[in-house]
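To keep things simple, chains are lettered A, B, C and D as they appear, and every chain counts its residues starting from 1.
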Amino acid sequence: MKTVLTVLRKDLLLELRGLETLPAMILFAIVTFVIFHFGLNRDTIDGQLAAGVLTVTLLFAAMLGINRLFVAEREQGGFDAFLLAPVDRSALLVAKATALFLFLVVLEVIAVPAFGLLLLGPSLGPALAGLIAVLALGDVALAVIGTLVSAIAVQTRARDLIGPIIGLPLLLPALIGMARGAGPLLVAHGSSGPPGKWVAILALYDVVFALLSYAVFDFLLED
Amino acid sequence: MLRDVSLDVPAGSTLAVLGRNGAGKSTLLRILATLLRPHAGEVRVFGEALPRRGFAVRGRLGLLAHDPLLYRDLSGRENLGYHARLHGVAFERVEEVLEAVGMGGRADEPVRTLSRGLVQRLAVCRAVLHGPALLLLDEPLANLDPAATELVSPLIGRGCGATRVLTSHDPQAALAEADLVLGLEDGRAAFVTSPDKVDAAAVKRLYA
Amino acid sequence: MTTYGRGLRGLSLAAAATMTVALVLTFFYAPLDANQGFIQKIFYIHVPLAITALCGFVFGGVLGAVYLRTGDRKWDIRSYVAIHMALIFGIGTLLTGTIWAKASWGHWWVWSDPTLTSFLIVMLLFATYQPLRFSIEDPERQSRYASVFAVVAGAFVPLNFIAVRAAQAYVHPRVLTLTGGNLPGSMRLTFLVALAGVALLYVTLWKYEMAAKSTRMQVRALRRALLGEDSVVPLKRSAAPS
Amino acid sequence: MSLLAVAPALPLHTAGKYVAGAYIVFLAIVLIYVGIMASRLSRTERELIELRRDVEAQRSAQDSEPEREPVA
């Protein structure tokens, strides 16, 4: 646990100093909203379409963060430094997933209101609580699977390509859960809570992949 | 890429590894550091067989490789603080080693803005931070001027108290520090002997 | 050294015989489906292919897990061949599936069918297996990372089916439910024989491929032993383990 | 099952084409696979023949120079 906090602290500090990932993710998300405005030729959207635009944008913005997650470790010797320390290796997975989760939360804190402002027809207010629940569960899946995929992809030659082509299919069920869970919330006078079925599926997906990642992560670190 | 290399290094002594670029010096150090797993053969560090017992060895060795293993966007103090936390070392130790290499004043600048010599000093700090009993030194004095060499000498020099495995681009300097010499040629041991028995011709052939 | 060729002849004969029986049963024994008529005959090849391919993916994941436990490269090769064969069967599934969709619904692709859709997602995921391998040069790391991928992707198969099935209503010509309850006896017999035939075919081809790989590797090993290291032409960079 | 209701059973002569198509696809995949394996088999065979030739060449070279120490 101490190791997790140590690595997490270092990652956040590194992001704070370099500002390499998070600003790019946020800008990308907002630009994508603008692109959807023109691509769909709609001033406002609602319901399932809105949920789809929001979650797909977040997914692709997350891919940017996922691609960069381990680059500093690989290029600046972070893997070696970590492996030389007498600490539990799984701590790196937990720390990186937590860092990615926090990045996604910051991204959404900015991108979701921006989405409400730029594209969403109905007011965001009544949907907010349900949306937070769905996005939080989705973020866990994005963070866990993203960390795993990133750790695989960073050691390959074509890492910018391998990351997305493995990550996107693996994340598809999570995307379905997020989009379908958020859909009913974004209708004018829609339901206040997300459909329980999708919350359950997202939670199941989170738990299974968290355990799975924990089981296989050590193998990605050995040299 | 290593073959037929077998030798014992007694605790507290210094092994110099000689050989031209690509002979397998760095590979040997990475295997000893548990970062590479040997495909076959037996490697023991502190009597623990690698790679199976790697966890028993980690934390007791310090690696100083070509790569300083420091984050460029963090300052020297932050980098060392990170390593101190990972190794469970008190922060006073960070200040102690920073002072020892004369970096106390510049430890808050990002590593990417420092000259190579200063980065190498920080890398020395990182390698010895947790007081390792085995030091793996790959060209430890690279980029260091004579004054800096003087400064790091109590940390990684002959009197530092740790068992040392060191490589150097300068065979004469390495021989002067060694108790035992391993000559590597294309991943094979060309000779293993004490430094006074190494003849100039053999060294010359090694680097030819 | 395992001799993969042993039992191959018996297995081939069994696979061929079972497939033949399955075809005979399909066209001369199984009754015409009340709703779909003759077109339902595709079911007897499409669904066994799909089930075998999915089991093949999971099988590859299990073999990958064994590799990670043992570190013995032969398990990675087995896992590779299992996934490789499952991909071929998967392509067969998608092609027969689209033909069935066209015949039943008039479109080559129907999103409303959760089984076909989730199968496509699984195929898209496993299609990255070979590029991933190709992108890692160090053979040991290639094996390790490919096995991690196989384990994760193998576990993804059932999860993905849960998620996609939940997303859509049941509209597939659901001749077979998981319990198989609503299938008339003669249809079920035909289906089971066809499933056995396709599964036997998978096992046969897997063994065949393993035998071919192991033979090639032994030729190389012999050359190395008899003529020395330098006489062996270095392998080209490849996604396949060797 | 609603979609099924609007998808009536095709007449046999239309359905036959699709069913035949599906089974031909299956057969073609198996045949293509067998074809690829056949070419690989012939490559292995060629390698074996080469190996045999090289080994025999080495043997006869050694026989003609019996004094020489065997290399490797």
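The criterion applied here is as follows: a contact is a pair of C-beta atoms (placed from the backbone, for glycine too) under 8 Å apart; a residue touches a chain by one contact, two chains touch by 3 or more.
Please read all numbers here as calculations on a predicted model, not as lab measurements.
Among the chain pairings, C-D comes first (most C-beta pairs in contact).
With each centre defined as the average position of its C-alpha atoms, the distance from chain B to chain C rounds to 50 Å. If you average the Cα atoms of chain A and of chain D, the two centres end up 44 Å apart. If you average the Cα atoms of chain B and of chain D, the two centres end up 52 Å apart. Centre-to-centre separation between chain A and chain B, using Cα means, comes to 39 Å. The residues of chain A that reach two or more other chains are 222-223, listed in rising order.
Because contacts link the chains only in sequence, without closing, their graph is best described as a line.
Contacting chain pairs in the structure are A-B, A-C, C-D. Taken in their complex, chain C has these residues touching chain D: 23, 33, 35-39, 41-42, 45-46, 49, 88, 91-92, 95-96, 99-100, 102-106, 112, 170-171, 173-174, 201, 205, 208-209, 212, 215-216, 219-220, 222-223, 226-228, 231. For chain A in complex with chain C, the residues that touch the partner chain are 148, 152, 155-159, 161-162, 165-166, 169-170, 172-173, 176-177, 180, 197-198, 201, 204-205, 208-209, 212-213, 215-216, 219-220, 222-223. Of all the residues in chain A, the ones that touch chain B in their complex are 2-3, 6-7, 9-10, 13-14, 17-18, 72, 76-78, 80-87, 222-223.
Every residue of chain D that touches chain C in the complex is listed here, in rising order: 1-4, 7, 9-12, 14-16, 18-19, 21-23, 25-26, 29-30, 33, 37, 40-41, 44, 47-48, 51, 54-55, 58, 71-72. Chain C contributes residues 68, 121-122, 124-125, 128, 131-132, 135-137, 141, 144-145, 147-149, 151-153, 155-156, 159-160, 162-164, 166-167 to its touches with chain A in the complex.
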